[in-house]
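Accompanying notes for the structure given below.
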Amino acid sequence: MPTKSTFKISRFPVPELAELPDDMRARILAVQEKSGFVPNVFLALAHRPEEFRAFFAYHDALMEKPGSLSKAEREMIVVATSNANQCQYCVVAHGAILRIRAKSPLIADQLAINYRKADITPRQKAMLDFAMKVSTASYAVGDEDFEILQRHGFSMDDAWDITAIAAFFGLSNRIANVSSMRPNDEFYTLGR
Amino acid sequence: MPTKSTFKISRFPVPELAELPDDMRARILAVQEKSGFVPNVFLALAHRPEEFRAFFAYHDALMEKPGSLSKAEREMIVVATSNANQCQYCVVAHGAILRIRAKSPLIADQLAINYRKADITPRQKAMLDFAMKVSTASYAVGDEDFEILQRHGFSMDDAWDITAIAAFFGLSNRIANVSSMRPNDEFYTLGR
Amino acid sequence: MPTKSTFKISRFPVPELAELPDDMRARILAVQEKSGFVPNVFLALAHRPEEFRAFFAYHDALMEKPGSLSKAEREMIVVATSNANQCQYCVVAHGAILRIRAKSPLIADQLAINYRKADITPRQKAMLDFAMKVSTASYAVGDEDFEILQRHGFSMDDAWDITAIAAFFGLSNRIANVSSMRPNDEFYTLGR
Amino acid sequence: MPTKSTFKISRFPVPELAELPDDMRARILAVQEKSGFVPNVFLALAHRPEEFRAFFAYHDALMEKPGSLSKAEREMIVVATSNANQCQYCVVAHGAILRIRAKSPLIADQLAINYRKADITPRQKAMLDFAMKVSTASYAVGDEDFEILQRHGFSMDDAWDITAIAAFFGLSNRIANVSSMRPNDEFYTLGR
Amino acid sequence: MPTKSTFKISRFPVPELAELPDDMRARILAVQEKSGFVPNVFLALAHRPEEFRAFFAYHDALMEKPGSLSKAEREMIVVATSNANQCQYCVVAHGAILRIRAKSPLIADQLAINYRKADITPRQKAMLDFAMKVSTASYAVGDEDFEILQRHGFSMDDAWDITAIAAFFGLSNRIANVSSMRPNDEFYTLGR
Amino acid sequence: MPTKSTFKISRFPVPELAELPDDMRARILAVQEKSGFVPNVFLALAHRPEEFRAFFAYHDALMEKPGSLSKAEREMIVVATSNANQCQYCVVAHGAILRIRAKSPLIADQLAINYRKADITPRQKAMLDFAMKVSTASYAVGDEDFEILQRHGFSMDDAWDITAIAAFFGLSNRIANVSSMRPNDEFYTLGR
């Protein structure tokens, strides 16, 4: 199994790569090719092929698509909301991606612990205030929250992106927490 | 636009059916054919085709697939967790589906308000205790929670289903809350 | 017993109508005459005659008296705060009354789930913001909350009404929750 | 006005004793005769005669009636739950009554601040655990809570009393908080 | 042991005065000389001499030093935050000191229960709003909180004092709560 | 100033090393000698010499003294509770120390995000459960919590250590949060 750790990576079944449908194996091998290892989330979700496909299609639709939020900013949303949800996998894995995308070795730890005190712009702080409200009290999001976004130059399209990313990783955080999904050791030092 | 209401169904753009890609329009027309109306969630998500496709693929993978949880039980999870998240669209729409699937006019309102006092079995109560913990405190889910599920006869596969349904509708609740997605008037009386 | 349900209506003793003091029985028969059934709250509280009398005297003083809040608005307060307290009896029973008084089949479900997104006026939204603060954080109610009410045209008399209704149904919610008071089946469909 | 304080005793109107209906004035004079002063709650509620009568009828039905809970124990419930609700009037006034009824100068302050560390019996601790759950999370009260009460020798009648007292003072706390009802200076030193 | 109570003053060991190092015994005797009794905190911390010395050095640096906050105002911070932490020892002991320093028999109980309704100035209310935020949500303290302090005439030095006092008594509250540290009976009536 | 960062290290005054009293400068130079840099906490607290001395005396009494908790275990308490308090300085600085003392590059991030899922022993998990309860709900710590510690082999002395460390860093977290104390860049990579 392509992880160095002797720890289990999930409480749920983890299939062998060889057993997987072709499209899933191809996707996983492509990631391995690019990153040098297989992020455990691919293995931990693989026992449910339909859900795996939908999960990564949704992920890519939000995180890989063009849009005015930079890729680093999208990862900021992931890291800040995932620590609020105490999700080890997402903070560690996306913290690594954030360090690389923001070209900053400090930003991920700062954002995870307390985004209000991170080295970010006021616009990014407003983005994260909104994302955290989506994550923790979406029932109370109202016109006044959209007005703050607008004052910082965000469009309605950006507001949707922030919302959908916070919401999607809320899903991811819950599955990772319940399955005790383990971050790969490699993530801890990437980009530092 | 296929809704009788004069109220907006979302703060975000709602495309005309005619503008949509064929696969999306086909799906929406199929639902309309079956239900007699187009549930607003299809229209409110349609401005983002990739996300629309992933969302419904994920939804169907969880809610339509075979499995030992009955379809009514899956809807119970949706209704109980969605009221905890104060999501008007999901409680009203899935409350209707639950009434139909459970063949009970009372169950949806009972579960939405306080599932602990609903007309359900102890096994279903344990299922909902777990789902609510996934929804509100997934970081604290541990061995002892799985043991309770097991004592009520749930398998690990069932535990995954409960988790994934609570997590997926947590995503759905957040998007519906932020977009002020409006439930169709038709849902309020279905199955009563 | 005047309920069709085979479920218990309370964990506490429920006396027979014939055993009750004349004034209580007369009141209950009058309600039955008017509604076509005896709401279970009358039966569930009847084992304590003095408390029964005080409860309904208080109820009537708040809900039946003249005043600038409409009867529908008073029921809005009940429904919104009762769902925050997860009280099945009060949401279901007063939801029915609200539908009738507001002549709206949708309003009760909307308010119960998330009053911020219900079809109400900004003035009614301000009324419910105040009522919810009374219900969940009365210690923090201060001058600024009264100023908001005033800006929406509410008098001090109205402020007292909102407060007292939220407070009284907080009492009612707690007794109904602890006693597992069951709403009559009739309430679920009234006014839809 | 029968209070020495120069501070307002309520944000709402406080009528003159002479303006009140006879039954209310008689009740207030009787309290003054017995206590040496008029507790401000009588004056602060007097602008609403019907509510005044219902409030005190309910109060007396719970606090003055015979029953297996001692009068000091009932006051314990009031003091502990009222501090949880941060109600100045109820903690100060009922703290005084508790000191007198329990013949203990320490008990009221101990209970208000942290009932878990007060000089009370394990049975009284169980009573207050239940009362606090009624006050803060009544939706979750279930069979297991009743079983704990039963193990400490409480009857179902006692459980109702605990519930109703916690619920009634929850109402009282909210009205006192919103009206900024001021405790009489006399209460602070009574029974010390 | 210099306490009249027959109750234990801590779950942890309480050394005899005679066993203590000279500097600690001298400090304790000086307090006894001045107050007429030995506050239990000195005895409850004495089993750890190094921590005892650091604790009281810190305490004195904050509470005895010159500065623009009056000594009564510093005690206000202690009393309000300690009740939020439900710390019996600190509310009772520092409530006594506050009554003496503020020359007010009412202020301590008022502040402990709900500082928003105490007989204090708007400036003191702002001081306590800040202190309570430090105590309960320090992660969210930001520029806007400092601006409010400034508008009420507080300097940055004052802001540090408020912060450090709230933080230090947060430490004290936790140790007192875990050790079940018992306030001396004498404190309850001092200054009333 | 001995930090490479161009960011401010505190909202409060930061004195020059040359201005400090000899004992403080000596302590700071000794740390610099040992670590290769001056941790910002020494500079951020230096404007208050008496508090500085008490703070570090208390710190050393808890973190440097002999005792059955290993030094790594003490740092585990700091890291887990400091992330609950969202304290950037303490999580980053003590995370570094923990990695070094535990000789593990992964442990600090794991513990900060969700200690329940970290690579620790059940005994350490029990230690952290207790520490987190001290940090977030010390009022509720009771006999049953001590019994759990005891079952895992902890003595009363250990219980005090856990309590005092969680309480002391609660103080530290609040001061660091309010002052926006900035962790040195060096800490982020130490021990990885």
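Per-chain residue numbering starts at 1, and chain names A, B, C, D, E and F are given in the order in which the chains are listed.
FYI, a residue touches a chain if its C-beta (ideal position, glycine included) is under 8 Å from a C-beta of that chain, and two chains touch if they have at least 3 such contacts.
All values derive from a computational prediction rather than experimental measurement.
Shared contact partners of chain C and chain E comprise A, D. With centres defined by CA atoms alone, the chain at the far end from chain C is F. Over half of the residue-numbered contact pairs at D-E are shared with one candidate from B-C, A-C or C-E, namely B-C. Homomeric contact chain B/chain C is classed as same-residue, with over half of its interface positions used by both copies.
The interface holding more C-beta pairs in contact, when A-C is weighed against A-B, is A-B. Centre to centre, using the average C-alpha position, chain A and chain E are separated by 44 Å.
Each chain gets one centre point, the mean of its Cα atoms, and the points for chain E and chain F are 23 Å apart. Each of residues 86-87, 114, 139, 177 in chain B touches at least two other chains. Here the chains touching each other pair up as A-B, A-C, A-E, A-F, B-C, B-D, B-F, C-D, C-E, D-E, D-F, E-F.
Considering their complex, residues 139-140, 142 of chain C touch chain E. For chain C in complex with chain B, the residues that touch the partner chain are 7, 83, 86-88, 91-92, 95, 105-106, 109-110, 112-114, 117-119, 177, 180, 182, 185, 188-189, 192. Residues 11-13, 48, 50-51, 53-55, 57-58, 60-62, 65, 85-87, 134-135, 138-139, 141, 146, 156, 159-160, 163-164, 166-168, 170-175, 177-179 of chain A are the ones touching chain B in the complex. Per the touch definition, chain F reaches chain B in the complex via residues 114, 116.
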